[in-house]
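Look at the two complexes coming up: chain A is in both, with chain B in one and chain C in the other.
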Partner chain A sequence: MTSQTNPSDALAGQAPPDDPTYGEIVWGQFVKRKEAVGSLLGLALLLLLAIYAPLLASNKPFLWQVDGEGLSSPWLKALFDRNFFENGVDIFFNTLLVVVTLVGPVVGAVFWKTRHSSRKPRNRSRRRALLAAGALFMVVWTGVTLFPQQSQKVVYPRLEQSLQEEGKAVMAVYAPIPFSSRDGDLDMVRLPVSLKHFLGTDNSGRDVFTRLVFGTRISLTIGVFAVALYITFGTFMGALAGFYGGWVDMAIQRVIEVVICIPSLFLILTVASFIEERSIFHIMIIIAAVAWTSPARLVRAEFLRLRNLDFVAAARAAGYRESTIIFKEILPNALGPVLVAATFGVARAILTESTMSFLGLGDITVPSWGQILNTGRGTGIWVMILAPGFAIFLTVGLLNLMGEGVRDALDPKLRK
Partner chain B sequence: MLQYTIKRLLLVIPTFFLISLLIFVVLNVAPGRPGAGSQNDGGESSNQQQKESFRIFKEQFNLDKPILVNTRWALETADVRELLVTAHKLEGDVTAAERVDAEVDLDDFGNYLVKHLVVLLDDSNPEVQRLAAATLVSAAQLRFVSERRADPLEARRVNREISKANESVKTWTWPEGAPAEQQAAVSASWKDWYTTNEGNYTWTGSERVDAFFFDTRFAKYWSNLIHLDFGISTADRRPVFETVMGKLKYSLSLTMVATLLAYFIAVPIGVFSAYRQGTRLDTAVTVMLFVMYSLPTFFTGTVLLRLLTEGEPFAWFPTGDFQTMSSAPWTTWDRLKDIVWHLVLPMATYTSVSLATLSRYARAGVIEVIRADYIRTARAKGLSEPVVIIKHAVRNGMIPILTLLGGLLPALIAGSVVIEVVFNIPGMGQYIFNAIGARDYNAVMAVLLTSSFLALIGILVSDLSYAFVDPRISFD
Partner chain C sequence: MALLEVDGLKTHFFTDKGQLPSVDGVSFTIDAGETVGIVGESGCGKSVTAMSILRLIPEPPGRIVGGEIRFEGRDLTRLPMDELRKVRGNDISVIFQEPMTSLNPVYTVGDQIMEAILLHQPVEEEEARRIALAMLERVGIPAPEQRIDEYPHQMSGGMKQRVMIAMALSCKPKLLIADEPTTALDVTIQAQILELLQELQREEGMGVMLITHDLGVVAETCDRVVVLYAGRVAETATAIDLFDRPTHPYTAGLLQSIPDRASPGARLFTIDGMVPSPDKFPSGCRFRDRCTRATEACADMPPLHDLGGGHKVWCHHPLTAAESAALSPGGEH
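Showing the complex of A and B:
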């Protein structure tokens, strides 16, 4: 059935639909699978959990008022407070929290409104909306990074208690879980599971559930950024090797071979131990430094196949520059396998990071899942073994499921 | 095929060399030196003895040498003077870090300084003269030869002579504010000594090239490596190679048995699952394998350990270790039983991950093959179903999982860290984990090198077997 004979189109008086692009075909294949869509939704929920973690758990009250005067929101102030959220990752996610809350609905509305328009105007307005949101994010993020705020440390639940003892009327509205992932209470060490502490407390009296929730931020950040880093580098190397061949290929191949042979976890742990104050940025770089070989090999193979095809010859004949041929002509066609590798790669990076922190060679200042599990192993407390284990399993499982969905969606053999 | 084999075999050598180069550079540019803890923390005069012992320690482990290339013969007298001045804060402002760096350089440059220090004995600044003489004492010391190789008796004799020569040089300094005659006398004896020994401290063209490449940490390390000498552990002062070989038997037996086990279980599961593709049983198996695949090893290990060993809720297995400590007098059979008993949990953990990966690939491999024309032909010929499946489908479907072995090996070896740390098995993984903590560079290096070598060989074997099994693959 061609579009001209489609009665619904004629009735609505709309332009005939465009031929689907490659991306649309793949997306169409992807959403056909229940598991794939489910995993994508699950991951989106995890991301939302990571972004809105402070809304769920924070020991700063949303609203704070003493004796009916001076209403303030310590929670809002703490979002960009480097004394409360020491870590760059938290600042990053808090910026996301603010920006997503502010412009998320607008972007969503743009997407929803343009869902029926034809491709060109639709893509244009969608791209504009996304760009504006991204720009806002960058501005806020740069601002809060360049001008760090630092305020005095106040433990509000304690303050409330002492103020009430003085006979003052305190109005405080807390998050559902009034604990911080960082501040422990040494009077409440290793408490069992209760309604107050869903998963008990750890050796320093910190609420395990809160740490687990904030651990989502760490795991997702490490997974996504480490993979972005090594996919970029690996793709570049693979493209060079595959396109030029000869001694370039030979040299890059040797390097890849060398890196593959060294058992990666040994190398990762060794290098990690050398860094005095490991931050999760170091960990990302270390993971990226050993993992870039797999996208490099994939892209190389694709380039070897593609560089002899006619469209490349045509591009050469048209007098395109080499960089244009590599990055604009061949590379987009070579990215399919890389996308699959990237999705599985995020899962593996998360596993690697949690292994590192499990062995005590991660970033000890952040609430990482592996670290909680290590505490669980040391103390033998079941909750602290099972809960972080389940969190890792869930995240890794969802990512693997999505990776399989992407792989199947890209595989033309499985297409009907 | 033969040509390909030979090519691959020859490539092992440069690859291993590059691996060692990479590991070596990574280890050596890393901050935090072994033994640095024993260095004095600032007290200058009182810790002369300690400083000297640290210098000898560095010499023994070649830590005073440059890492990859040596350009120290190109030093100028002015550079050396600068170092002396900085190290002792004689002129201008010097930060603590600069001072420490200069001190370390003065320690490390050793023989390469002698030529310049002799010139500096006549420096215009009397303090520089004094320091030049003081530095000469350590710089002019001859190195002891290693007693661990070749002819120990001969080495010991040579070392005695070196020691005697060093002893005479040691006294040639003067304290601050010493009379001029004493200074002149010491200066003169240094100059005399230098004229007789000049050859040792100046470098001709070819000697420079030699020093450039070979008077380096890497070259020294490799020259030892060729004799399978991986150096001495800074932690227990025993040869690292022997320790690693001792640890290897635990890790290797664990890895190999786990891999074999994984293959033996995974292939039937995968084949069965593929044969019954789409049934409820297949779905159940697939889901189970997916769960196993996504579970982190350290989690599985910890749960098993917590669940099934001493204490609650079950006490079916021992809490770890390779065998019972006091098992030495037992009979071989009892000891074997004991070891197996200890290894059930680590093995289960170890196998679970590779098992999941392998079965998934086995299933995919058989599914791919089972639709092929020759399977239909085989059925049409009237062959019995088991023959079709086992002889025709499985054999060809298993080719992909054979190559997987190559990729799996480095991961399995590395995975031993987690298993061995969790279950307290004294293998390579635990050894490197402890060595990393203790900054025992020789040990870390040795484990990295041996494990990389094993992985290299493993990958080679699996590539070759791939080419051997699948006649469709040809290598030019």
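Showing the complex of A and C:
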């Protein structure tokens, strides 16, 4: 009798070779929404802006030549210069700039070429391309971090001026906006809006537009990393609570309740004021410390549902370790709601950082949008307040739109 | 020596209602190559017994409080966890009732079978995939090369159960525990799956513990039967003996309740009442509240009647040979 297949099995046997996977179904739902796709594109543009910020604004010339000899590129040298880009975030993004420029086209080509092939080989070659890119990034980044390069600080526009006064022929090609986000010029304090300074300059004579562009890096980093940090921790705690139940659940739940009880803004401000030299990494940790409870509760609820399903019992019966069951068998099934929470979380983290910076409890050495807002407030020039406010509004709005798109795409009831 | 010897197994649950004796002194054996049916109504302790064998009872609230489970001479109740994990899925496999939820929705069926193989066998991924393909082929899945990369949601219930069987058998277990493997499937698929199980059992020579409440399934597939009631063995016999000569009033009741034995239009026979919940088990014979033959004597523990040939009954008032004969299918037709 086993040789005969029953009709329904035979029918199912004729299914097309590539039925959509869960991910493909969700993606299909996501791209159906205009605002979701729009927000994703907008965020992609913001990311590109963050990566290629030095190409848009830098006071290091791309090309530099004095009296027709010694052609050099101070811009390229400065990319990994710790005196110019003091901050780890900038080094990170500059590495990204180099890697994306070098490998991006290759990865893109692989994706484009495999778009019609069937799932297995496509995924394999795509994964390989991404892994190679990731590996290259890690190599460059580790190298740059381990062997910091520090050259003398040169203000090229000034140097150019004085050289020209000496009567030397200087050839210098600058970025469209020849200013640094960090180096101020005390001769140019609080300049009004002009064609040279799109948004004027602040109290230290720094070009506000440049700072705004570089602020994209800071704000996106804070959003993404803080969220990655607390999603990881919260998911872990929620998974333990939901899987083991009993006293483990009891303990974790009580901790969560205590954290939730404390008004997070006050906790953040209190903790921040105790840290002497706040870097944005402190800020991320503080944000993560109060926000991990919501993914923890989401994951816990999912685990409570999933742990009673037969596939968990089957995994146990097959002899899997508990850690394998928790993280490999159950966790991937519990991540849907976490993804939605993460998208909204990035927006919230950016807002929190802006709030802290605005209240003077941020990292004053970085041009985050909250910092720009705060310094702008000191100038009393309205564009300097409005511009960073608008940047925050735009990013948070895009992230929320995308979060809604992800949420709707994951909701099977909304599928048509 | 039997492959599996369950000896006086007691699995109790510790809850707010107190200590619930869900399984209370169950003993039976399974030999290699033998199919033993565990029969009883819902709530009589069939699944708890099966899950106790691999210590899959959630703890707390459950705990094995007594008895031994000897598998190839080793007591599984006292085995350290890492030793037990090597038994699970490798020496003893389980097939669950609900194929719809028994496969992990986020992995392809091939990945899931390969994972199980890689866990227990010293093979490379390529080889594991080959084994997985062969297993899918053997359990009668059409176009296995294509099916192996599919996700569970792309398959019908019958197909999923076949995949479950493929996974359970991929490490060539010596004992297969099938917990109502066909209950969730429709009738034609049920027959196919049972036939498949029997066929594979014959080829592999493994012992099978088949848990079911369907006496039709028992008649078709089992060599021996253990009838459980309220956490205790009521009667155990070869399948032929059991249907020929049901001796415990409960077994008799179960046999009488098979629908196709009633003539058209006649009311179906039922055993009045339900299996009491473990906190309300009566003393002595636990069946006495529902038994038509019960007397005051039944308040004491029922005695064992050994009818020979492995046919054992625990009852104060077992059916006589004549009464059994009137009930058995042979006696009626």
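The working rule: the second predicted complex is superposed on the first by the 399 of 416 C-alpha atoms of A that agree within 3 Å, B and C clash if a C-alpha of one lies under 4 Å from a C-alpha of the other, contacts with A are read in each partner's own complex, and residues count from 1 in each chain.
Rule of thumb we're sticking to: contacts are C-beta pairs under 8 Å (C-beta built on N, C-alpha and C of every residue); 3 or more make two chains touch, one makes a residue touch a chain.
Worth saying up front: this structure is predicted, and the values here are computed from it rather than measured.
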Partner with the higher number of touched chain A residues, chain C or chain B: B
Which of chain B and chain C A:119 touches, first, second, both or neither: second
Touched partner set for A:111, first chain B, second chain C, both or neither: neither
Partner chain(s) touched by A:347 [first = chain B, second = chain C, both, neither]: first
First (chain B), second (chain C), both or neither touched by A:359: first
Which of chain B and chain C A:263 touches, first, second, both or neither: first
Touched partner set for A:400, first chain B, second chain C, both or neither: first
Touched partner set for A:276, first chain B, second chain C, both or neither: first
Chain C to chain A touching residues, read off their complex: 54, 56, 60, 85-90, 93-94, 96-98, 101-106, 116, 119-120, 140-143, 146-147, 149-151, 153-156, 158-159, 164, 167, 188-189, 191-192, 195-196, 199
Touch list for chain B against partner chain A, complex: 14-15, 18-19, 22-23, 26-27, 30-32, 290-291, 293-299, 302-303, 305-306, 311, 407, 410-411, 413-415, 417-418, 421-422, 432-433, 436-437, 439, 444, 447-448, 451-452, 455-456, 459
Residue ranges of chain A touching chain C (in the complex, touch as defined): 1-6, 8-10, 12-13, 15, 17, 19, 21-22, 119-120, 246, 309-311, 313-321, 329, 332-333
Residues of chain A touching chain B in the complex: 254-255, 257-267, 269-271, 273-276, 347, 351, 354-355, 358-359, 361, 370, 373, 376-377, 380, 382, 385-386, 388-389, 392-393, 396-397, 400-401
